[in-house]
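The same chain A turns up in both complexes below, where it pairs with chain B and then with chain C.
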Partner chain A sequence: MSTVTASATLKSRRWKTLRDQLPNYLFILPHFILFTLFLLYPIFRGLQISLFDWKIMLTEQKWVGLANYEALWNDKVFWQVLGNTFWFMIITVIINVALALVVASGLKHRFYGSDILRVLFYAPGIISVSVLGIIAIRVWEPQIGIINYYVTNMLGGPRVMWYSNPSLVIPVLSITTVWWTFGFPMLVFIAGLHNIPEALYEAAKIDGAGLFGSFRHITIPLIMPTMLFVVVTQFIAHMQVFAQPYIITGGGPGNASRSVVQYLYETAWKYFRYGYASTISVVLALIMIVVTIIMFWLMRRRTEY
Partner chain B sequence: MSTATNITHKPRRRLVSKDARRALIMWLVFIPLGFVIVVPLAYMVTMAFTTEANQFVLPINWIPQPPTLQNFIKIFADPLLPLGRWFFNSLLVATVGTLLILFVSSLSGYAFARLEFPGRDMLFSLLLFSLMIPAAITLIPAFLLLRTLGLLDTYHAIWWPAAASVTGIFLLRQHFYSIPQELEDAARVDGANRFRIYWQISLPLVRGALLALAIFSFLGLWNDLFWPLIVLNKQANLTLPIGLVVLQQGSYIQRGLAFAGAFVATTPVLIFYAVFQRQIISGITTTGMAGQ
Partner chain C sequence: MRKMSILLGVLVVMALMLSACGGAAAPATEGGAPAADTAAEAPAADAPAPEPTPVVNAFGQCDDPMRMWHGLTGSDGLVFAEMLQQFAADNPDLCFESQGIPWDLFFQKYPTAVAAGDPPDMVIFHAAEVQQMANEGLMQPMDDWYDMSGHSKDQFNDVLINQISVDGSTMAVPFDNHGWILWANTKIIEDAGLDPAALPQNGTEFIDWAQKITTDVNGKHPNEEGFDKDNVAVWATWWTWPRYTVPTVLWQFGGGVVNEDVTQATLNSPESVAAIQYIQDLMCKYYVMNPYQPGTPYGGEAYENNQIALWWEGTWTGGYMRDRPDVAAVTEPMFINSYAPDGNQAVKFDSHIFSIPTGVDEQGRADAYKLISYLVENGAYWSNSGQVPALKSVQALPEVQEKASVAKAAEQFNAIGRTDTSHKSFVEIQTAWETAVGNALATCDADVTQALNDGNTAVQAILDRP
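What follows is the complex of A and B.
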């Protein structure tokens, strides 16, 4: 008898708590609806659409199974744009990370005007990619651009065709992107460097370590957690590069600077092949997820000591 | 006594103090980099005020000879290039989008930090999981959904997906955590309901984080090219970043116009940056927020 009442009161109390907590769902509801509609559902919907020959005008879509994936496997352009994207990502991430870390090592100290330099170095990051494009087209222009003005007119070098040379176009787009984006990893590195105790550097100095020695043996190993964050976010951002080649070179010459996302964009919104474009997006996402996991795994091991 | 004075390390007087020397060395090291950063931006400003005829003159006259407003007059007067309209559109897109993000993210961030309800941790893990999925995969389904809803070529197609972002929730949740629980308890004793506590007690206490989120959301929406390019269509509906791409196509190949447009699109964000530089810099260094 007593146990029955006890469990009954427990039950009614639980009901009361639940009823009391129910309005809390109202707080997350607005975001959750949007999150479901525009992030969660599209992830699964994207997988599904990739199995169809999806045409926007049709009322009934044709199921094709894995045919899109098979076609993608045999698609020479896809392999080329995937190679371009990896090449662009690797150069951009390496230069961005190296430059950002070196600059951050200097700017982590406070000195007269250090704030100005921080603000200045991040400044290109706040302009739109469209503005970046307008500037970059002219700066690297072979006849009238600033770069060739120095390279050719002043130093007597060859008149380099930066954008129409297939082997130069991606490095040039990378350097342009570094100019635009290195401020972000730089600021993140400054924050990370502040977590390394200054006493370590002083101890190393007493032991006779030079600037390079302490960078190699203190900064590099201790910055690894920040490095992981920076490398992963940079990887994710630059693997999905679109606008720089789209605006500046249009993907050319030929397909030499076309990126995966530009190929996806054109497949969907120029040729209206949504099924095939979804396949591209799924494969890109899978590649990125796998590489991210590998990076976590590699860097984890290196961080433990 | 005398030993004590010896131990106390008095800084030796030098002609130039150690701090000044460090500053000098750093500036010498960083001046070349600063130069590389500044020149392309200065170039844009110069060319915006340079006549079309002088666009190709080398060496560059950094002070345009003669300085001109003809590029600006042309783009603002050309009915095919409604730059003023695009500017206003961008302002509308960025402002409303930012407010929506702030509202939706703060409600949700508050709930995940302060309120209890069944399934809370599971739902939060779901948000975390979504961070691992590259945005590329959501493009087509989100586009097709907006098409079905009849929202293409309207700004709803930009606002609602933007508010689905989860980064703001993580940021604000972190800050709601740091508010002392006693403040809310006191308000509860005084009879305030949970919505009033959120609105009147907690929200004002995370002002700093809200401002940071607002700044980055605004900049992101103002600058974005890719998503507006997909969902907007009519010339009159475009935002500035797409407008600038249009400025460079076909018959509008005039260089001065493109630079004038770039100048118009960049000046507000540069002023914005100058005003909020401290919040922007510390926003990144403390939260690692805002990517590309």
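What follows is the complex of A and C.
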């Protein structure tokens, strides 16, 4: 008898809890529906398509199992473009984070013109990537570009083939991207730096710490939570680089600046190999998930909250 | 002061935002109104005709207008829009929409629209892509248009008709022939003491000739002591879009990307290697062609500044010349010169073609056929864009022949024109050989043979795929 009562009480309590929490579920329901429709479903659909030789006009698709994954494993172009993408990401993230942190440290305090400098440093980020491409071509162009004008006419140096040289093209695209995107991490770092108590710097100053010492022993350890956010978001963004090489170099010379996402796009929308393109996207997603987890693990160990 | 700097900052940001928006917006019409507005306010049949724009046009009002998608968004797009306006005036009973979409987006929208069962009633793309689109099941045969219109296939370039025929069916109707033509700057040639009417006839003659033309900023030629290759003032020729330049040179040398029956890659044949090696030598050994650039290099600015003597560029450059009468006055359109040792001539051309997507109903097809017939038969107006009308009878019309570049290009395509080899994986093959050629020309110490061997392997792998 007592068991039955206890069970009924438990059920009643669960129902009450559910009823109490119903508004919360209703609040997240619109997002959950959209999330399922536009994110979860495409992810599962992509996984499914990667197992077929998918033709857009066929109603019955040809099952190929893991053949696309096997082909990707043996695809030299994929490994080359993956290497390009990692190289681009590493250079861009390192310069972006370092430059943004240094500039943010300088602009943390208000001084005459600091506001306009913040706006100017952020401003390139609002232009479209197409405009960025046009600007970059004008700047780096070997014959009529601004950089080579200074290199050859002012400094008397050789005419550098900035984006036709396979070993220079990725750094050139990285520098262009840093100019375009470093405003956002700079703003995030400025916000993060404001959370560090000023008293710590004053105490360090009294103890004889210089500018570099304060930066190393106070700023760096205490900015790590912000750093984790910036590095992870920058990694995710730059691993998906597409439009800069697509517009500026077309992925060339050869495949020297072709990125994974450009290769994926071309495979799907130029070659109409949707199954293989889905395989590329699945593998890229897995790589990014694994690297992000490693980053979290590595950086959390060094983070002080 | 702080308020002032914030205000200034906001103004800078707003200016940048506006400039960014300006780049992406549809071109303004003559009256200054944005093009998109013209489309949004589609006029009633008795309202004044809209200003044509290359992007979006709507004519007449009805529930189910005939829809056309195309990628003619450049200078030729404006001429095309004018043709549509004329067609609408002649056919007030027909209501239709025309949407210009950049080619990359076009090839995303087109298959997805067909697969979704909501295709436009007609599309325009390129003859080279027909085989691939047909293989994907995206096109309907159009043999009945030739019967209905009274224009037999032999009234078009036969090489082109072969290219758009799949399994015995003609899948499209050609609108034009477009491709490479030689734009010769007669001023530079005469200034060098040479005769523009006596251009070099083969690759060997070209090198001697080109070294006389090319000069650095100190007036020295590449074969003279002290030539400054980093500061060249005038180039004999210019590295242009490889998609047209490379096949042209390969064919001149007797090479190619694939063999005749499209079963074997021939990118590493001795002839193909010699062709690409010749281009590398022009850039790196003789210094008569500007260094390699990836992407789609364009010499318009350098040509305008009298820095290029022989410019291999598209027929569509006719619009560029029309806008620059000073440049046109010193320019002579000619047959593409041969780089081959034996002077063998060849040039690549392509075509904008009309196609009826899979899934279009009879009414849509009938309406589209009306417009197609009009556009094909009025190709003389289309020649204002610099493109060569597809119908040979239209090519011969006086108003076409009076346009020097169009007349010369028509003669050239009919005499020595070749099209890309058709294949169901055409675009993938194209990317493979472009990558290989890019590797061969990227640096002056690049191994041409090795790069083309790698490219050959990649092309063969695509050909061997079931």
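Just so we're on the same page, the second predicted complex is superposed on the first by the 269 of 305 C-alpha atoms of A that agree within 3 Å, B and C clash if a C-alpha of one lies under 4 Å from a C-alpha of the other, contacts with A are read in each partner's own complex, and residues count from 1 in each chain.
Note that a residue touches a chain if its C-beta (ideal position, glycine included) is under 8 Å from a C-beta of that chain, and two chains touch if they have at least 3 such contacts.
Remember, it's a predicted structure, so these values are computed and weren't measured experimentally.
Visitor: Applying the document's definition of touching, compare chain B and chain C: which contacts more of chain A?
Guide: Between chain B and chain C, B touches the greater number of residues in chain A.
Visitor: If we overlay the two complexes on their shared chain A, which of chain B and chain C does A:18 touch? Say first, second, both or neither.
Guide: In the superposition, A:18 contacts chain B only.
Visitor: State whether A:139 touches chain B only (first), chain C only (second), both chains, or neither.
Guide: So A:139 only meets chain B here.
Visitor: According to the stated criteria, A:121 is in contact with first (chain B), second (chain C), both, or neither; which is it?
Guide: So A:121 only meets chain B here.
Visitor: Per the contact definition in the header, classify A:297: touching chain B only (first), chain C only (second), both, or neither.
Guide: Touch partners of A:297: none, neither chain B nor chain C.
Visitor: Of the partners chain B and chain C, which touch A:27 in the superposed model: first, second, both, neither?
Guide: Once the two structures are laid over each other on A, A:27 reaches chain B alone.
Visitor: Quick check for you: in the superposed arrangement, does A:212 touch first (chain B), second (chain C), both or neither?
Guide: Neither partner.
Visitor: What is the contact status of A:55 with respect to chain B (first) and chain C (second): first, second, both, or neither?
Guide: Only chain C; A:55 stays clear of chain B.
Visitor: If we overlay the two complexes on their shared chain A, which of chain B and chain C does A:240 touch? Say first, second, both or neither.
Guide: first
Visitor: State whether A:152 touches chain B only (first), chain C only (second), both chains, or neither.
Guide: In the superposed model, A:152 contacts chain C only, not chain B.
Visitor: Pick out the shared contact residues on chain A: the ones touching chain B in one complex and chain C in the other.
Guide: 56, 112-113, 118-120, 122-124, 126-128, 130-131, 134, 143-144, 153, 269
Visitor: Would you tell me which residues of chain A are touching chain B in their complex?
Guide: Within the complex, chain A contacts chain B at residues 18, 21-25, 27-28, 30-32, 34-35, 37-43, 45-46, 49, 56, 103, 106-107, 109, 111-114, 117-131, 133-139, 143-144, 146, 149, 153, 179, 181, 184, 187-188, 190-191, 229, 233, 236-237, 239-240, 242-243, 247, 260-261, 264-265, 268-269, 274, 277-278, 281-282, 284-285, 288-289, 292.
Visitor: Quick check: in the complex, which residue numbers of chain C touch chain A?
Guide: 1-2, 5-6, 8-10, 12-13, 16-17, 19-20, 23-24, 104, 107-108, 111-112, 114-115, 132, 136-138, 229-231, 290-296, 301-302, 358, 425, 427-428, 431, 434-436, 438-439, 441-443, 451, 458
Visitor: What residues of chain B sit close enough to touch chain A in their complex?
Guide: 19-20, 22-23, 26-27, 29-30, 33-34, 36-41, 43-44, 47, 55-56, 58-60, 103-105, 107-108, 110-112, 115-118, 123, 126-127, 130, 132-145, 147, 160-161, 163-164, 166, 169, 194, 198, 219, 222-226, 230, 240-242, 244-245, 247-248, 255, 258-259, 261-262, 265-266, 269-270, 272-273, 277, 280-281, 284-286, 288, 290-292
Visitor: Quick one: in the complex, what on chain A touches chain C?
Guide: Contact set of chain A toward chain C: 55-58, 77, 110, 112-113, 115-116, 118-120, 122-124, 126-128, 130-131, 134, 141-144, 152-153, 158-159, 161, 163-166, 169, 248-257, 266, 269-273.
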